[in-house]
Every structure is written in structure tokens, then in C-alpha cells.
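Here chain A shows up in two complexes: once beside chain B, once beside chain C.
So, the complex of A and B:
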């Protein structure tokens, strides 16, 4: 009987199907909010799901002159990594399904693999838009990765642990957004960079390079990448809520806090014009410096470790 | 060997940035554009030739359909040319109504451009807001003429409809609202820091360059050349309602935004003056079926610059030749002058900055 529990956890709840559905629902919330900010009506509630179902049912056209197994395999890798990352975070306010000392590093790493597969998928074509998209995706990855990582390690430092569940328990008593505001902002914006949301959507700027790295994807691959992004969104929101907004102890806290962050994210998305890729890179250099300053302050004021 | 070849990024004829077909080849080195090649003519419809098979009145409706944005421009320019040939002058009230619709059209065209340019820069919020406000002017035009796009305001020798008291009130209401909004957008494009970073110093066309490539319309006025047909050679009612030319000297994308937004304010002033001072009288004069033999040139200031018509009559019911030159053609070359050295990410905005109209250009 003890084999059934992990299978349900992995495939249905809270990881697996649930997190995908949650991701699509949050994607809808995001689109609806941005639409409202922009004075539009926005999509109906099932639109992201309908998009994925439609794409899954479509034929995948594999371009000639490329590695077909890579073309088909990368979307799977991206989704698998995003789903694996979901296992380590306190979804719905429950204890993470799996947990060990240092799982924070693994989670951040898995989220990076999603972006890496995106870039590889773009590099694995002869399409000019895809190639430029891949280069931009990687440039953006290198620019936001360090500050994002530093922003997530700030709470880990003061909690004295690199285990997400321990940090979550610690932040349950401490609202780190008050003591580490810079980290919170950088983590939030880092998530936007990770998800390539406007204004950091240079890697898939449609008016320049069509769909960036994913230009050649039309059917299943595109659907899987979209699912991976949706899961990444939930994981990212959960991490930020758990680390900076007083932890996540129960389902109500989970939904209220993640949706609050999503509200802010949607606002940021509709406020700005798109950054050029070199402007994005500049922004992150600044953010990384600020974070290092914050680290220094934490260390001086007596963080538990370091 | 492959590495030595140029890496060319095509924009168009099928591309999300351009809703109309035109082909631009940008040779890039990394993200930097090194050279540009322009290819046009994808939507050639043979309209100029088709005019030779239709009579003078029918051509009015054909030519109006050259462009969906500046349809009144074409109809007006053609009417003025044919009336000059036939030695007929439209009555004063008709002339003012013609100018009025032309200014309303300029407002709708500039709002459309504002949205498109913002969208190319990835600022979709401004795009959505400006197009929402553009609906105001579309409603005014529909209330005035019955149509949103091809207003069909002109007939040879006058205009088709009158402006009554109710429509006057609707126009004033619309203009009041839009004036307030335009001030807001002016503030956005001149103070929003992320937007300025995409427009200030981007795509700069110096006055000398502008003279050299011969740009016209708002492009020229953004580069410090005070060139406007409404002032240089007033037509319709522009001698009664003089225009203050808006000139900026920076020549970059920001200046093009500023020029067009200030022109909007100038248009509101003109529209108000026109509806308040409509001269009484007839709307049309009689137009002969056959037009005297001869040649005529008519020029008017379209929202994008000077539109030019050459009309030749052999004394019959149909024109011998109608030649159209639209402003976009003069402005395309500025891309070749401004684009090299900029980032690929700036190309859509530089392209949109000239407000290209491919269907006008190719006819």
C-alpha cells in the first residue's frame, strides 16, 4: 500500500496533474488581470487549457536538417524538470512531497534546466528567429540567474538552512519582505525574467523575432513548453510566497499569497515598454550589486550562518 | 565559409510586426544591424490602370479604396485635381467640410499610429488605451458620414452630407475627450523612463539627412524641416483656417511621437474652429460629365505627408491617366539611412516610426 501514496503524490496531487491545472489557472488569472489593466476583456477561464488541448491534438511538424530526437525530447525534458521542481516546494500549503538538506539548490537548478531546454530548442533549428531567440534566452538566463539565486539564498541564510521546508517553517514567524525588501523585489522580477514575461520578453518579442526560440514549434512541443512555463509559474510564486511573505502553512495562505504576488506581477507586466536585451542585462548587474549589499548587511547584523 | 556570409533577419512579407506585406532584410552582426535592404510592391493591385476604364465619378470610389486609413485623402486629392481640370470650384461650405473630415481623419490616423508604434516597442498597454480612445473619433466619423473607414465624403464638385447641430455637438464632445487623452499620452511618451529608453536617440535622422533622402510629413517635421502642404500650398479651406506647423529638431523616434501628438492638438483646434465657423450655402455645384482636355496636379497633406496626384484628361468621360504618389514611398528610404548601427530590437519601432502604409504605396 505504501507505494500508492507516492504515486498519487507524483501523478495527481499535489504534484503532477494538480500543479499543471493550477499553473493553467494561474496563467488565466495572469492574462485576465493584464487584460483588465489594459482595458480589455481578456480570455475566458478555460482558455489556457483549451490552448494546450488544441496544441496537443495538432500534428507536430519536425523541420528538416535538425536533430529530431532533440526537437521532440526537449519539451519533455522541460516539463519533467518543472514538475520535479514542484515536488520540493510547499504546494497548497502542504509539506513538500520530497525534502532533503539542500533541496533549494536542486529546485533552482531544475528551474534553470527549463530555460536551458528552451534555449537548446531554439539553437537546434536552422530558423533565424529561433537562433536569435536562443541567444537572447541564454543572455537573459545568465543575467537574471545570479541575482535570482542570491535573492532566494537570502532567506536561506537567515533561516540557517538550505532546505525549503525548514526555511518555510522559519519564515512562518518572520515576514522577510520587511527585513529583506531588496531580495523580495529581485526575486519577483527574477521570476518575470525566468518566465519571459513583459517587459523582459525580448527572447520572444513577437514584433522582432516572432516567437523566439519556439518559432518552429507548432503542436505537442509547444503545448509541453507552455505547460512547463505554467508549472514554473506556480513553483516560482510558491517559492517567493514561502520565502518572503511569511511562509505557507495552509491552503488559504497558499492561494491568497500566491495570487497577491500574481496581482503585482500582472501590474508590472502592463506598466512598461519592452526592455532591449542589453538593457535587461544592465538592469540585472545593478540588481546583483544591490543584493550583495543586502547580504553584507545580513552578515554584519548577525545572520545565523556565513 | 558560412561564417563569412551575412546573417540576415527578414522582416516581412509575413511577420507579426508588419500587418501589411513589405520585405525588409536586416543584415545583423550579433544584435547590431549593419545594413538594410527594402523590397516593396507585394500588394500591387493595378488601381492606376483600372481608373482608365472607369468614368470620372466612379474613380472617386475606386481611389478612395487605395488606403483604409487615409481614404479621404485620396478622394479629396482626386476631387481637387478633377475639379481644377473641369474648372469647377466646390462651394465654401463644402470646402470646410472637406477640411473638417481631413482633420478628423488625421486624428484617427495618428491615434492608430501611436498604438502601433507602442505595440512594436512592446508597450501593449499604451497600444490598447490609444486604440480604445481612437474609437471616439471612429464613432464621430461614423455619425458624420455613415462609415467608419471609407467615409465617401466627397463628390465631384462638393460633399455628400451636411454637418447639423447634433453632429456638431458630437464632434465637440469627442474632441474635448480626445484632447484630454492626448495630453496624457504626451506625458507618457515624454516622461515614461522605459519608453524613453526605447525612443530617445533611436533612429535619429538629422536635418541634412532628411533633406537628402527627401522625407516628408511628420517625419520631416520631426527632423526640423517645416514642410506641410496645408501651409505651403493651402487647398480646400486651409487658407481660411491657417495651420501652425509643428516642428521638432531632434529627429529621433521620440521627436516623431512628439510631432504627431502635437499635431493632434493642432487638429483639435482646427476642428473646433471649423465646426464653429461653417459658412452657409450649398454643398455641391454641378459637375460636367466630360472633363476638359488637360493635365492637373493636386497635392494635399495626408496624415503621413504629402499625397500627390497627376491627372490627365483627353476630354472624355474617363481619365487618360491618373498617377498617384503616396507619402510612404518618400519615407521608406529613411530606414536605410537610420537603421545601421542600431539594435535589431529597435527595427520594428524604426519601421513603425515612418508610419508606413503599404497598400497606399503599392496601389
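So, the complex of A and C:
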């Protein structure tokens, strides 16, 4: 029985199949909301699922002149890292499946590996659009990574722990969006940058560079990257809800809070036009400075009292 | 019994694949020498007013992501190789829709010195949408008919 429990946790609930399904459902919510903001009807509820199944059943084309094992392996790595990150966060208001002192750092870096493998996948082709996409993905990674990390470390500093479950328990009594509004905003926008949602979709700008790093991927690779993005969306939403919106204690809180954040994200997506890549980088310098000021204030007021 | 189970499993998988294919046709649009009339109508079809995302249609930039190649215009000598190349870059299963009178028959450009002919002289076409140019409703109708044709027909009993 001791072996069965982790297997169920990893493969079905809460990590594994559940978080993938949840991610696809949230992708649909996002697309539907954006469609509604644009006065459209929008896709049907099973649309992301149909997309992924269709891509999985398509012919796999491996371009010539590249490392085939990298081409096939990177989507797997991306999905694996995203799913591993899902193990450390309080999905559905349950305690994280695995937890140790410092798992916040591990989670953030696992989420970065998803982006890194995307950039590597782009660099591993002879296609010029993929190469430009890879460069832009990396530029964006370097610009949002520091502010996003700082924004997640703010609550950690106040709670006095690097453990997600401890921080979650602490934020259950404190709505940190009230005491650290800058951190909350930066974390939200950082998540948009991480997921390459508009207005931060310069790395996969359809009108300029086709699909960025994923231009050469069709079929399975594209499907796996999409699943990884979906899982990343759920993990990011859970982290922000747990850290800034008064913690996640039960399933109702989980769904209400993550969907509320998704509503705001969809609104931001349809409000803004795409930033050029150097505008994105400029924005993030500003955000990092603001966060450092907030950190200074927290440190001066003596952490725990906030 | 085990053979039967495998058969059922295969059958279920096939049904799932067909369902996904019908519900998520991603399109790529190529103009092989048209006067732009049909292209304007295709773009109008993709606007919020007609909202093709209801059927899961998404316009893709890369042929690697696309299932449906929407072609307009007669094929000129210049664009013949490009059209073939885009078609060959698409992964199977792939479908081609010829939009407009020129794509179907060469239309007004039939005997021009620089025109090869209509689309299906160069690549196989699955659906034809007539009109000069066809209205967005006609294009949606053509797409829906193409998707319906993917649905497996009920088997006829032969006695």
C-alpha cells in the first residue's frame, strides 16, 4: 500500500492526469473569457482537449540537420518539469503531495526549466523563426525571472519560511495583497510573462515570427509543450492565490481564487497590445526596482509584524 | 477474447482521433496568385463577427501546425513550387480547401501566360467553395461540410 499511494499521487490525483485536465479546463476558461471580452462566442468547452488529442494523433515530422533526440526529448522534459512542480504546490486546497524546507525555490526553478527547454527546442532547429523565437524566449526569461522570484520571496520573507505549505498556512490568516500590493501585481504580470500570454507574447508573435521557438514542431512535440504550458498555468495560479490571496485551505477556495486571478489575466490579455521585446525588458527592470523598495520596507518594519 | 478486446480498443482510439480531428481543424491560408478578393473574405470569416473559433478553427502561421490549407486564386508559375512545398510541409492527415472561382477553374485568369491553372492541377483538393468572391457564410459552410465528410459513414449491409 505504501507504494500505491505515491503512484496515485503522481499519475492521477492531484498531480498527473488531474492537473493536466485542470490545466486544459483553465485554458478553455481563458480562451472563452478573451472571446467574450472581444464580443465573440468563443470555443466550446472541450476545445483544448480536442486540440491536444488531434496534435497527439498527427504525423511526427523530424526536420533534418538537427539533433533528433533533443527534438523529441525536450517536450518530454518540459512536461515532466511542469508536472513535478505541481507536486509541491497546494493543488485543490490539499496539502502539497511532497514538501520540504526550500521547496519554493525548487518549484520556481522547475517552472523555469519549462521555458528553458522551450528556448533550447527553438535553438535546436535550422529555422530562422525558431532561432529568433528562442533568443526572445531567453531574453524574456532573464527579464521576468528575477522580479517573479522576488515577488514570490516577499511572502516567504514575511512568513519566515521557504516551505510552500508553511507560507500557505501563514497567509491563511494574512491577506498579503493588502500589505504587499506591488508584489502581487508583479507576480501576476510575471506569470503572464512566464506563460507568454499577450501582451508579453513577443517570443511567439504570430504576426512576426510565425510561432517562435515552436515553429518546426507539429504533432506530439507541440501537444506536449501545450500540456506543459497548461500545467504551468495551474501551478502559477495556485502559487499566487496561496501567497497573496489569503491562502488556499479547501477546494472551494482553490477554484474561486484561481478563477478570479484568471479573470484578471484574461482582462489584461485583451486590454493590451503586444510589447516589443526590448519594451518587455524595460518594464521588468522597473518592476524589479519597485520590488526591492518593497523588500526594504518589509525589512525595515521587521518582517514578521506585517 | 483478447483479440476482440484489442479490436474494441483500436476502434475506440479511432473514434477518439476522428472526433479530435473534426473538432480542431487548424488552418493555414495561402494566396497562390489571387486578386485578394477571396483573401479579404477569408480574413472577414476569421473576425469576431463570424468567429470561426466556435468550430475550433484557428489560423496558424506554420504549415507544421496546420490541418487545413485554405488556397485562393489560380496557381501562377511563380507560386507553384511554393504551394507544393507548403503542402508537403504539412503533417498528415491534411486537407485542402480551394476558395473562389479562380482556385476551382482558373476563373478570369484561365489563359494568362503566367498561370499554370487551377489548384487541383498542382495539389489534391478536398473541398471547393465557389464564388467570386464567396461570402464568409459560404466559406463557413464549406469548412463545416469538409469536417462532416470526415465523419465515418454508417456501414451499409451487403446481403
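The rule we apply is simple: the second predicted complex is superposed on the first by the 303 of 306 C-alpha atoms of A that agree within 3 Å, B and C clash if a C-alpha of one lies under 4 Å from a C-alpha of the other, contacts with A are read in each partner's own complex, and residues count from 1 in each chain.
FYI, a residue touches a chain if its C-beta (ideal position, glycine included) is under 8 Å from a C-beta of that chain, and two chains touch if they have at least 3 such contacts.
These figures come from a predicted structure and were not determined experimentally.
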Partner chain(s) touched by A:54 [first = chain B, second = chain C, both, neither]: second
Partner chain in contact with A:210 - chain B first, chain C second, else both or neither: both
First, second, both or neither for A:272, with chain B first and chain C second: first
Which of chain B and chain C A:173 touches, first, second, both or neither: neither
Contacts of A:64 with chain B and chain C, given as first, second, both or neither: neither
Which of chain B and chain C A:219 touches, first, second, both or neither: second
Contacts of A:38 with chain B and chain C, given as first, second, both or neither: both
Contact residues of chain A, present in both the chain B and the chain C interface: 38-40, 129, 206, 210
Contact set on chain A toward chain C in their complex: 31, 35, 38-44, 46-47, 50-51, 53-54, 57-61, 129, 206, 210-211, 215-219, 222
Parts of chain C lying in touch with chain A, wherever the complex brings them together: 16-17, 19-21, 23-24, 26, 48, 51, 53-54, 56, 60-62, 64-65, 67, 89-93
Parts of chain A lying in touch with chain B, wherever the complex brings them together: 37-40, 128-129, 132, 198-199, 201-202, 205-210, 270-279
Chain B residues within the chain A interface of the complex: 7-11, 15-17, 28, 31, 118-126, 128-129, 132, 192, 194-195, 197-198, 343-348
